Amino acid sequence: MELKELYALMERFEKSGLSEIFYKKDGEEVCLKKAAPVTYAAPMVAAAGAPVAVPGMPAASADAPARHAADTEFIRAPLVGTFYRAPAPDAPPFVEKGDTVKKGKPLCILEAMKLMNEFQAEFDLEVVAILADNGNMVEFGTPLFEVRRV
Amino acid sequence: MIQSLLIANRGEIAVRIIRTCREMGIRTVVAYSQADADSLPVRMADGHVCVGPAPARESYLNVRNLVTAAVLSGCDAVHPGVGFLAENAGFARDVKEAGLTFVGPEPQVIDLLGDKIRAKKSAQELSIPVIPGSAGSVADAREALKAAESIGYPVIVKAAAGGGGKGMRIVHDASELADVLLVASHEAEKAFSDGTVYLEKYLENPRHVEIQIVGDSRGNVVHLGERDCTVQQNHQKLIEESPSPVVTPELRARMGEDAVRLLRGLGYTGAGTVEFLVKDGAHYFMEVNARVQVEHPVSELVTGVDIIRQQILAASGEALEIRQGDVKVGGYAVECRINASSAGRVTQFMSPGGYGVRMDTFLYVGYNVPPWYDHLVAKLIVTGQNRAEGLRRMQRALSELVIEGIRTNIESQKKIIAHPVFRSGNYGTGFLGEVMKEGGL
Amino acid sequence: MIQSLLIANRGEIAVRIIRTCREMGIRTVVAYSQADADSLPVRMADGHVCVGPAPARESYLNVRNLVTAAVLSGCDAVHPGVGFLAENAGFARDVKEAGLTFVGPEPQVIDLLGDKIRAKKSAQELSIPVIPGSAGSVADAREALKAAESIGYPVIVKAAAGGGGKGMRIVHDASELADVLLVASHEAEKAFSDGTVYLEKYLENPRHVEIQIVGDSRGNVVHLGERDCTVQQNHQKLIEESPSPVVTPELRARMGEDAVRLLRGLGYTGAGTVEFLVKDGAHYFMEVNARVQVEHPVSELVTGVDIIRQQILAASGEALEIRQGDVKVGGYAVECRINASSAGRVTQFMSPGGYGVRMDTFLYVGYNVPPWYDHLVAKLIVTGQNRAEGLRRMQRALSELVIEGIRTNIESQKKIIAHPVFRSGNYGTGFLGEVMKEGGL
Amino acid sequence: MELKELYALMERFEKSGLSEIFYKKDGEEVCLKKAAPVTYAAPMVAAAGAPVAVPGMPAASADAPARHAADTEFIRAPLVGTFYRAPAPDAPPFVEKGDTVKKGKPLCILEAMKLMNEFQAEFDLEVVAILADNGNMVEFGTPLFEVRRV
């Protein structure tokens, strides 16, 4: 079996209601299994009725990109707070998309309980994408930047 | 009135709070750890905010993230639930300083009641019977010996900041006292970073009976009768019932009045519990839990009062919907705590149902019970016209309960409910230990 | 006292009966069809006997197999449940002839009440208000026209053996009558193999209000207040509540007395329901259901009486545990019927819970809902101190209910509960039809 | 087997009521499984508490052999009743294991509501096994005989 055949089989299998496939042919053996999945977010949300829209409710976890490119990584929010790209409303942002940032240079500010927490780059990096919006709330773990080590 | 409530808790108590909020038209936001992203309360709430990783000290005990989450998600109040920060005065203060309502008593009341010695003093000043003991803390062995002599052995050493049996030691004669004192104080120091200890007469095999209180900020303090929590396994309650098999109407009235007098004196608001030991028809003040308790549904079902609702009304500055005169303890209710002894994916879950059965749980098929938190996974509560009917119904309901994929105590709860001594209603806090020794469970 | 009970039924009513039996210490044996081998009642019961293939007429309506199963499995009584053979006098006779107890009224009482004309006559003789109509059946168009003239149009043609709206037709003027008569009679012939029909004054948009009765063989007949079942979709009840928004204490007393007088007169034993139409504060006898009804939990929750328990006691020759004086209708209860509109495997099921919520169902994750039988899969019942609180709680509970893998009416139930007209309490049996026309559901 | 044949098999299998397929042909092996069709009898039974032992409770469905040999078949009870192998207590059984029975000859009696219902062979057969016990209750569908057509 060619690998692309195997991928095809895997795709078909994932769509199927099956839990296991074992296939053996002239010395070749393939075994596919599923773990009990079950994730039922949707219905509960529906059940919860239209949630009241509130300024500052974290879009975060929902909207945040689930995965990043192979050669990049996320810098995530280490605390709950308000995300600021600049040291002051009228000041220019610390970093822009495409910037190369040296280790120790500031990336953003997270405000929590009236404290301005500045966060610096922990390694030399290139800013591939800025994922949080200035002035918005971020949750613990919300991806703030997608970066590439340089 | 509270418009939008952040729930700084998880599991069944978070679900419990969401339910009442939905009935009251209050928006709910659940603060959750990364380990609880798929949890039922997160799915049920109108909003949710991740406040930290799995370890509680970095999420459910992370005051900064919790308060920030409440403010930034547009909440005007915070409910601490049970455990975690529920009796943490510092948290209550930070919530208030952020301009939010804390659903619970005032910080200084939490402080006072958290100090078992001061709490006991307050009770004494209101001539509420307390367990004979040392006048306050004992600084050293000499003081302790003097106190013990006057009390009479056996005595029990307790931590001032105590709870959950930590720092508790029984002493049968003077020779042991000095050593035990050091151990207990050390244990207390470790558990509560406060080694202060005091002595009390050790009552052999008493009943644990507590009075449910709700109070508002307008001076209304009402008690909802008692709960008997005598069935305990190393100081952990397993079964709670109301009314208590050993409480007479007269005793109920006396305990209720004492509990109300104490909390009214402190200007207590919201839900709270005054715990007593009962021995030979006499009651002795033990401590106050300045929060709603796991077993509150038992009192809800015998009085018809939604305690969480009253708690939220009180926190909102509203008056309670009930007065003492309206409270009728009718029928009987009993709760079995269903605890998990292993984490993992729930592969099947069948909840009991039908007449007289209430289930409070956050389990569902496919849910992955995390290993990080309290082992309580469900509360099965049933009602009956009397204790006999209620226990028959509990046995029926337990026989319907199916939880697969994790280990639970369902079978041992069945055995306790069926046990002749439990059925007799005539036992003390030592009951379960005895049964276990006999290998009965 | 009944020792061992064969349940000749399936689904939630079989589960309901097993629950009370287990609390009473009665052994249960469930008769099931091959389509129900994996059903919850089969798993819950102490024993089970396969009585035939999936089609009901070969299993749940197979009198010979059911009676033989009861005898050979050591049962001393048979409970027919709801539907199937519950109002079949022949089955009741065969059960008794086999030396077993039939949990229900005497066969001749079932016969009499099954004949709507004779039942109506019995009511009239006891001067219970009935809907003006033809004196008994109408043999032909001439008779019908004469009757209709005296009653006044619109009139409704009903089948003597009727039920479920079959053989029912509304006639607005004389010109239609002859044709409609033939159609209705033909329909009745097909449905009940009895084409006998009669005429009644057609009441526009009335309330459907019924009185729950329990009686024993010692002459005790007690009513448990009313249920309002006005929310119907082509004669199928969808929501039932108690007390009714339109029944005053005076009307409740009058209807209750009439219902008790009627069934006492017939020597009725067990659970039964007297159905009335209510219009402009007046009540009109409609018919008697000689069995326990799907919506009985509503009355259980406002009176605190386990109706199945009383039914079993009565069948055992015991006295009821209650007298009319003991019955207090307290608070409010409402039931939403959850119906499936497709069969198949249940892939997820989350039951509502918490304060004031009761769930009666036979669903579980992995259960394959068979396409053969009634579409009722769950009954969600909630209580409240009053209608407003109860409906808020029902809305909350419906929002928690998750059933995946089959299609259900959960969403349309939410819309009905939220509908301003339903909330107003001011509507008639036409309400739902109107809403559907508006495309409101 | 070609992969497209495998896909066809998978599709057919998903539609089927089967839970598992194993296929082996000159060195080729295919095994398809569906997730356990959730049968939780055990806990419920346990939950039900020790059921009262009652003479005549059908051992049937539980004990009955689930499958028969490839070349044999079951004759099942068409009604609920008491199984008798002989026309009368003192009479010899209608058939014994190993007997060859001609179409129309009696096999057993099922008593229901005091009626003795005699059941005849619907085809010429050899009695491979007698699966129900004389005098015991049988449910609808309980296998009474395992037979081979002759």
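Here the chain labels run A, B, C and D in written order, and each chain numbers its own residues starting at 1.
The rule is short, and it goes like this: a residue touches a chain if its C-beta (ideal position, glycine included) is under 8 Å from a C-beta of that chain, and two chains touch if they have at least 3 such contacts.
A quick note: this is a predicted structure, and the numbers were derived from the prediction, not measured.
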{"item": "Common touching chains of chain C and chain A", "value": "B, D"}
{"item": "Apart from chain B, which chains still form joined groups through touching", "value": "one piece"}
{"item": "Separation of chain A from chain B, taking each centre as the mean of its C-alpha atoms, in whole Å", "value": "39"}
{"item": "Whole-Å gap between the CA centroids of chain B and chain C", "value": "43"}
{"item": "Centre distance in Å when chain A and chain D are each reduced to the mean of their C-alpha atoms", "value": "56"}
{"item": "For chain D, residues that touch 2 or more chains besides their own", "value": "38, 40, 44, 47-49"}
{"item": "Residues of chain C engaged with two or more neighbouring chains", "value": "22, 40, 44, 348, 350, 364-366, 399-400"}
{"item": "Complex interface listing, chain C residues touching chain B", "value": "15-16, 19-20, 22-23, 40, 44, 297, 300, 304, 306, 331, 348-351, 353-361, 364-366, 385, 389, 392-393, 395-396, 399-400"}
{"item": "Residues of chain D that touch chain A when the two form their complex", "value": "1, 3, 6-7, 10, 13-14, 27-35"}
{"item": "Of all residues in chain A, those that touch chain B in their complex", "value": "36-41, 44-45, 47-49, 51-52, 54-58, 60-61, 79-82, 112-113, 137, 139-142"}
{"item": "Touch list for chain B against partner chain A, complex", "value": "4, 27, 29, 34, 37-38, 40, 43-53, 59, 64-65, 67-69, 72-74, 94, 98, 345, 347, 364-366"}
{"item": "Interfacial residue positions of chain A with respect to chain D in the complex", "value": "1, 5, 8-9, 12-13, 16-26, 34, 36"}
